[in-house]
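Letters are used for the chains, namely A, B and C, taken in the order the chains are written, and counting of residues starts over at 1 for each.
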Amino acid sequence: MTKRFDLLFVYAVFFVLFLYGPMLLMPLFSLNDGNFATFPLKGFTLRHYGEMAANTSMMTALKNSLIVGICVSITSTALALPAALALTRYRVPGGGAILSFMMLPLVVPSIVLAVGLLVVILRILGLPLSLWTVAAGHLMLCIPFGMTVLMSRLEGFDKSLEEASRDLGAGGWSTFRRVTLPLAAPGVISSLLLCFIISFDEFVISFFLTGTDSTLPVFLFSQLRFPNKLPGTLALGSLILVGSAVLVILAEIVRKRGVASDNPGDL
Amino acid sequence: MQRVKFIDRMAQGKLSRREMLQSAGAFGVGLMALPRVARAQGGPLTCLEWGGYDAEEYVGSYVSKHGALPDFSIFSGEEEALAKVRAGFAADVMHPCNYSVSRFVNAGLVTEIDTSKLSNWADVFPTLQTAEGVMLDGKVVMAPADWGNSSIAYRSDLIDPAFAEDPSWAIFYDEAYAGKVSMLDNELVIQIGAMVGGMPYEEAYNLTGDALAAAAKDWGAKGVNVSRFLWTDASEVQQAMASGEIIAAYAWNDLVKNLKAEGIPVEYASPKEGMFTWFCGLTLLNSGKADPALAYDFIDAWLSPETGKYLIESSGYGHANQKSFEIADPAEVAAMGISDPVAMMASAKLFLTPTDEVQVEQNRVWGDTKALKM
Amino acid sequence: MSAGSARTGLSLLSPAFLVMAATLLAPVVALVVMSFWTQSGFEIDRTFTLDNYARLGEPGEGVVWYGIRFPFAYPVPAVLMVKSLAMSLMATICVIGVAWPMAYFLAFRVTRYKAMWIILLTIPFWTSYLLRVFSWKIVLGFNGAINSGLQWLGLIREPLEFLLYNPIAVMITLAHSWIAFSVLPIYVSLEKIDRSLLEAASDLGDSKWARFRRITLPLSMPGTIAATLLIFIPTVGDYVTPTLVGGPGGTMVGSLVQQLFLKQNDAPMGAAISIVMMLIIAALVGLFLWAIGYGRMRKRIG
């Protein structure tokens, strides 16, 4: 990378400040010796982290959300990728109508989706509510996002590469694995990340579809009634923020060992 | 009243499940006419509970008797919980409040409580034993558990001393306080406004039709404009009060207790129009799959004085069992702004609940008032 | 293309489609059907009627809201619809405007640790939505970060009160919450631009600006459009952010629908408003795609 300290670089710095600045108040107040997040700061304490660790319902909710989020982001991306391929590479009869239908979760109010799904699950299928039902609801919500991102990646790509691969005798699967997948890679990663965020943060559908295992947003919303528990949730937020950032940076450093790549598509 | 008929028939067992489901009128395309999943008797006890109340301290005697906590499904708003139960979610016990319990009853989801099965019932404040909401049409539908006051909390260091001398709900409708106070996001803004205008509460709670529209125009709009924000959760209002963003708010006792514990100068007013008392409790749902004896054990555990002591000392809410105030730390009771709980409860102005139609109408008028705010 | 290709396409599409159909069909059908019913109390009257829609369009005295006259007997849904659309539109423009240069930076400037950069952009969103909104309240609040900072610097004496609980706070918070949903789609489509095209253009003597306008911008369109839609459509119905940071005027059409379904015992009216909202959004999206010539563009770059 050529280091250029031009306007764009300055912009990127401000952007990261905008993104992370407010978030950094979370760790700040999680270490503040007070139950309310107001300036001036009162003093250093680790007690909120103790409260957090002692709050088993919160830790269980976090675990549930992680499991659901990871499963949903992988499944919805795995379903969205072939669908996006179909709609960008093949002439599917009625493709436009199918696409519009699949985008409906973006516009239908979530309370309608949630109650509707709940009625189907309880009264028609007769299934008990569990993390599986939450995951099903999230899947419905995530697929449109995954497809939109993947389609914008696949659209307009030179088809000649895939055709060449086929001409050289590679089968459909082999072409997909060697040519299409690497081309789609940035889209796949973006889709995984976006789907995870959606699932991890979704409240309305999660609330209606959870049985006795709650997810993190359901848990956090219910804590609002008890202001004394707030600093404990800030501690949790800080841990997630700092922990995952450190983890990601370490992983990337270990993986790449600083090898620069000239291929812009290379992740 | 429709619910009289309904409860009677429900109590006499005349209401078939099918009728019940139809009246429940759950969401969906005739879906609710389908039979429910066969009810497996003897399942685990499932409690629809506020997040934060799903802890051992609130049901100690249940845990010591049965060895473990029941299954909790947590919620953060009664209306969402009601929709979930109506759609078919099966739970044995639910924790509504006096203003919402009738909606559960009217939706045909509740069974009567046999108070003779509750060993702690006799120690419940007499006012609460017969309060509207605990009893509906002569039947006990909710065992009161936690209660509190609704009044004005103010920052004694920041407010005009004239207010502290003669506190009044008028502060929430006074342009001079615009952007410095916060009301609850509720149709109470209209009702309390009418009271400031001189109407007694017994009339104001039941406003309807043209009188309601007039009160919304006179007081509702003013209330919306004067409040910095209309609060929906306790964290929000306590945080804003702690920072000095607002100097007075509609508040429960826990705000006063929590802020005082942080050394913030805050007082609980006794407004001349009166302060209110709310309460929440436990209701038996008819969709439960567990042995009802378990549900009674759970409710009885909630009513115990030990639970009350913990509730008072940890969260700043009152408890329905009089004895809990005897064993709780007096300093903690005082911090809630309560000096004599028995006398206070005997003279309390309990919130009244209008009929469903009036509630819905008031809610609509309140929603419209907020929507048309400039 | 051949029939075989259509069959392959369908078989690729069908797993996702079947999942969507299984989860989405019943709620959507229920919504449509319900909008033709009526409700009183907890009882739903299942006779077909157009009353709900008629009530939405019924002319009446109406109200004047910010200088716009809404001549309806029940003007609230129309007012909230306009308010929500305006809010959502402005938020979308802000988000895309803020995100585009960052996506460009990611695609063309970052060559090392690219995956790390992308993941770091999304990490703030791994904390809960509520905590993020809470953080913004601390930043913008009365004794919050901005006010305390300015006071400490001696620039102001009294805290500024206009920072929180108004449409600007809603806009900032919305922009922040949706930023990942716009950077990533724009990035993935910018990133696929063949560098040789850009080089060829410079070789042919195109200026930087001409190169940008003729190659980069058009080729980024699929992602930019995807991001626009992914933000605009869901934010019209969003009501949590406006309630939390918008102050008393934070009611949106989404909150009305939710109220009608829950507290106001009028799910059919809620359904009718949802459907009208969906149709308006669909029409606006169609108009937008037509205006920017999306169909032609797809053919040209496809």
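Everything below uses one rule, namely that a residue touches a chain if its C-beta (ideal position, glycine included) is under 8 Å from a C-beta of that chain, and two chains touch if they have at least 3 such contacts.
Note that this is a predicted model, so its numbers are computed, not measured.
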Distance-maximising chain from subunit C - centres being C-alpha averages: B
Pair of chains joined by more contacts [C-beta pairs], A-C or A-B: A-C
Where subunit A and subunit B are represented by their mean Cα positions, the distance between them in whole Å: 36
Gap in Å, rounded to a whole number, between the CA centres of subunit C and subunit A: 17
Contacts with two or more other chains, residues of subunit A listed in rising order: 37-38, 115-116, 119-120, 124, 221, 224, 230
Touching two or more other chains - residues of subunit B: 27-28, 31, 80, 83, 236, 239, 243-244
Per-residue multi-chain contacts in subunit C, two or more chains: 26, 30, 141, 143-144, 261-262
Complex contact set, residues of subunit C against subunit A: 1, 5-6, 8-10, 12-13, 15-17, 19-21, 23-24, 26-28, 30-31, 98, 101-102, 104-105, 107-116, 118-132, 134-136, 138-139, 141, 143-145, 148, 176, 179-181, 184-185, 187-189, 191-192, 194-195, 219, 222-223, 225-226, 229-230, 233-234, 236-237, 240, 254, 257-258, 261-262, 270-271, 274, 277-278, 281-282, 298, 301-302
Contact set on subunit C toward subunit B in their complex: 26, 29-30, 33-34, 39, 41-44, 46, 63, 65-66, 75-76, 79-80, 137, 141-144, 161, 164-165, 243-244, 247-251, 255-256, 259, 261-267
Of subunit A, residues touching subunit C in the complex: 1, 4, 8-9, 11-12, 15, 18-23, 25-26, 29, 37-40, 79-80, 82-83, 85-93, 95, 98, 100-113, 115-117, 119-120, 124, 136-137, 139-140, 143, 145, 147-149, 151-153, 155-158, 172, 183, 186-187, 189-190, 193-194, 196-197, 200-201, 203, 216-217, 220-221, 224, 230, 233-234, 237, 240-241, 244-245, 248-249, 251-253, 256, 258, 260-262, 264-267
Of subunit B, residues touching subunit A in the complex: 26-28, 31-32, 34, 36-37, 46, 50-52, 54-55, 71-76, 80, 83-84, 87-89, 233-236, 238-239, 242-244, 254, 258-259, 261-262, 264, 315
Interface residues, subunit A side, partner subunit B - complex: 34-38, 57, 115-116, 118-120, 122-124, 126, 129, 207-208, 210-212, 214, 218-219, 221-230
